[in-house]
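Please find one structure pasted underneath; my questions will follow.
A, B, C and D label the chains in the order they appear, each numbered from 1.
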């Protein structure tokens, strides 16, 4: 198992079948620094164009269509003292006529305290002088090349992952993506210091991180949607609009997971999901919304 | 402050402007037993027709349009040893073509352990022998008469509350409803022993409870949507389809709450919500879906 | 068959189980004058409150739950020289961020030429001096009392009809409503001089009409949704949000119509609908949207 | 102006930035034969993989980002005696629980009468023996390479066109696409002998055509969505889910068209659209639905 320090020199605004920037073995670890959503680096320099420039793709030897790529998010270390957000709720998350009265979508600065592991508005905003948020790092956009030779903007998401903007994609989480091309072709970027559910101002606190990931091929585990796991829960991810359809995808995927890998009958899977499932809203800002269907591991069948 | 033991003798399948079954003073407490969603009582006898027969309405003296009715859920004691659910995910929560393969929507029995405060499938279902769920009681359907002389089926929900099927409506929660008619005319019923997010089999564990509530008029507090509070959070509730619109209603209401009652500017409210908001899915089964926009009190402006 | 001249003296803002204002026999004709959507009469006098005050209800002797009420729209004669509309697209029909730049929703006047049977903006609007629209009268809101003792605002629509705002509900059309209460309890109002698809400024050209209708009970014809017919087509009406769900309701109803009353197998109904169906958008402004699924009669099975 | 007979030798399942199969001058005409949606040619031979294999791309000299590509559909001549459809409504166009009872989605044959210009089920289906439909050819999937290096499956559609499955894209129609890459890179395929609104069985009558098109660059006409024109109407096309969002895109685009190219004020554009607009449903089957916002030319401002 090798650890690769990967320094990106070019970035991509799509997840697609592009030439590999790095080739690794299954099980290897990658450490890399990401730009923010606008392509600004740790030194405040514009290095790439928006939206959400991606490091990668990383070719994982042995990955083939029909496999799953397991991504363990080992560590996310903030590497810039500033982050930014937007100063208004997005138009699509409020009642339509209410949009007429929303404030402008100005870009606003936050201070990232890398020792204290907190974030604060800088300068302070009246009424929010008390607001010191804990750093809760997450990857906004990551995933693999989609099937058919498709390539999707990093503004959106699909079966292959992408711009899901889900709080749950932080250190300690493991995520699986469906491999659709040889080598999987993994991309990442757009990390946030923290973010509310839904990314309803259209941003988390956008900044730069050093991210440490372990990438492993799981052979012959055909997935449709991204799946994940953390210390307590397993979860399925659906990406689509409206939110209802994202929820249908995530729910269908969890049902299939419980029946195919956990041995439950369709009725038993229904019973379990009906009474213990939790839904998390990833984003409701991007072209495709993200809904997560989650179950505590303690409720899974014993094996 | 009086405590009323209210024994319903008739039940209603709508929330509307109906003759009061009980009249109380603001601040009084009501203790009442509810039927299950099919109108079955604690003794297994059919007492009323589905859907979700309601106790009430309760006329709260002094409540006028433009006021809010505060409902504190003090206690919910299970009063029947059985509950029931459906044996299949609902058609609308999975991918459409997947519906062809869902199991039948049979009615299934659960045992409610009123000493141990747990629920278990009865008879056991293979693969779920371990599944002993803690009792987490909640009110599925409650609210007040809507404006304009409207009357809504207890199968659905709207600005006046109704069949929201949200897990958060349990003991310890306080809920506010917009008063639209003199006396508010409060209804309740359809209590669940527990329920997953979304009520995705179309039911929680449907059973009977003795419910203790305190009802208080807050004068001149005009609301649009139901709001709530528990030990740690405040929350706004939106009821509509699709889920996107329910989310828009709840988000708009939270924004209005923060700007009108918590003194935040529109930009400050956006900053706060953008980074700390949480969304809970109430139900995604009923004609109107329910989305809850929630904020931890510790993030609210200090006063 | 009697013709009743019905002069409303009170109006209703809900469709519900209210005392009959007129009782007629099945097959009778009713002639009545409607107010506009704001409750203004032919003389410009405010007679009732918005939204959409209704004449009625009309009790049709013999109508029972499980029957259909057939409504033939015989004639609509404009009785006021003015109509009005709103000066801006509604927020919900454009891209959310685009709402910030929409013009104000001012009330604008139109001249109704009752001899020439045309409507024109009054005063003229630059760029639209040429715009003389033919009068194409339609009933914006009509229907029957819903089941379960429900009562719905005339701002919205449901299985019982209501505020569907569909261009096709004009003279020459026949409409069937599902009878849910004895006497059916028929309501009407909110007539338009003309209207585009979708009612996307939130109004048609709102004015007053003398409407002539024939109401007939069709025994034991249980419907779920409104259905209609004109010289060339039959159609099913679905009312819901999002538009996708309104379309699902209308499509399911047409499928059921073709299989239950026109003798087609499910596969044959699919073939026919797949290649000849037409969809019309009723409104996309009201709380429930309206989608119409329409088939030319010439394609129906011969009998 | 040259006429090119273009014989495709490879086909694509995405619209993206791929090597040109043919280079032409602006204003040239192209005549080409298309495969059906399953990649079957005029002789019944499988030539390419599904979904919807595309001829192209065609590089149009001089086309640059910020231009529009005008596509005139001159002629569509059927070149195969058979077509096919599916035998069931798609799951997503009916009420969710209704899906359980739909018939199987079998592939069904139609006879294409190339002299009589009609299509009929072959073998006949009971109840539909009379059903001889006129040939109404249309292009199901066509468009240009999208921006950012994206590539989209021919199963779906977006700003660049794609699988819109709109009846209006037949001979006599002119369509404009937003050029996002040098040469525009135009693709086409998936032609239908006829199709109902919505493509609700998931297919039109799928067959092969010889298509004649004229492709012309309109310099510096930046579009967001496809637009079109026929003898009587102009129209804007929105592609998204839910249908509500497709409608928002199309409505916003028509509003922008009227204000930017037809000289109307925002209020005047609202008046015109409010009272004369028509909506056509393209498809409600593909991942992105298609809604068309249409206005008769006779209502446009005179110039």
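We take it that a contact is a pair of C-beta atoms (placed from the backbone, for glycine too) under 8 Å apart; a residue touches a chain by one contact, two chains touch by 3 or more.
Predicted model only: the values in this text are computed from it and were never measured.
*Asks:* Show me the overlap between the contact partners of chain C and those of chain D.
*Replies:* A, B
*Asks:* Considering A-C alongside A-B, which chain pair is linked by more C-beta pairs in contact?
*Replies:* Output for the comparison: A-B.
*Asks:* Counting in whole Å, what is the centre-to-centre distance of chain A and chain B, each centre being its mean C-alpha position?
*Replies:* 32
*Asks:* How big is the gap, in whole Å, between where the Cα atoms of chain A centre and where those of chain C centre?
*Replies:* 47
*Asks:* Where does chain B touch two or more other chains at once, residue-wise?
*Replies:* Counting only residues that touch two or more other chains, chain B contributes 92, 95-96, 98, 102, 241-242, 244.
*Asks:* Can you list the chain B residues touching chain C in their complex?
*Replies:* For chain B paired with chain C, touching residues are 12-14, 16, 148-153, 240-242, 244-245.
*Asks:* Mind listing the chain B positions that touch chain D in their complex?
*Replies:* Where chain B meets chain D, its residues are 90-92, 95-100, 102, 242.
*Asks:* Residues of chain A touching chain B in their complex?
*Replies:* Touch list, chain A to chain B: 85-89, 92-96, 98, 101-103, 106, 108, 119, 121, 125-128, 130-131, 133, 194-201, 203-205, 241-244, 247-249, 251-252, 255, 262-281, 284, 289, 299, 301-302.
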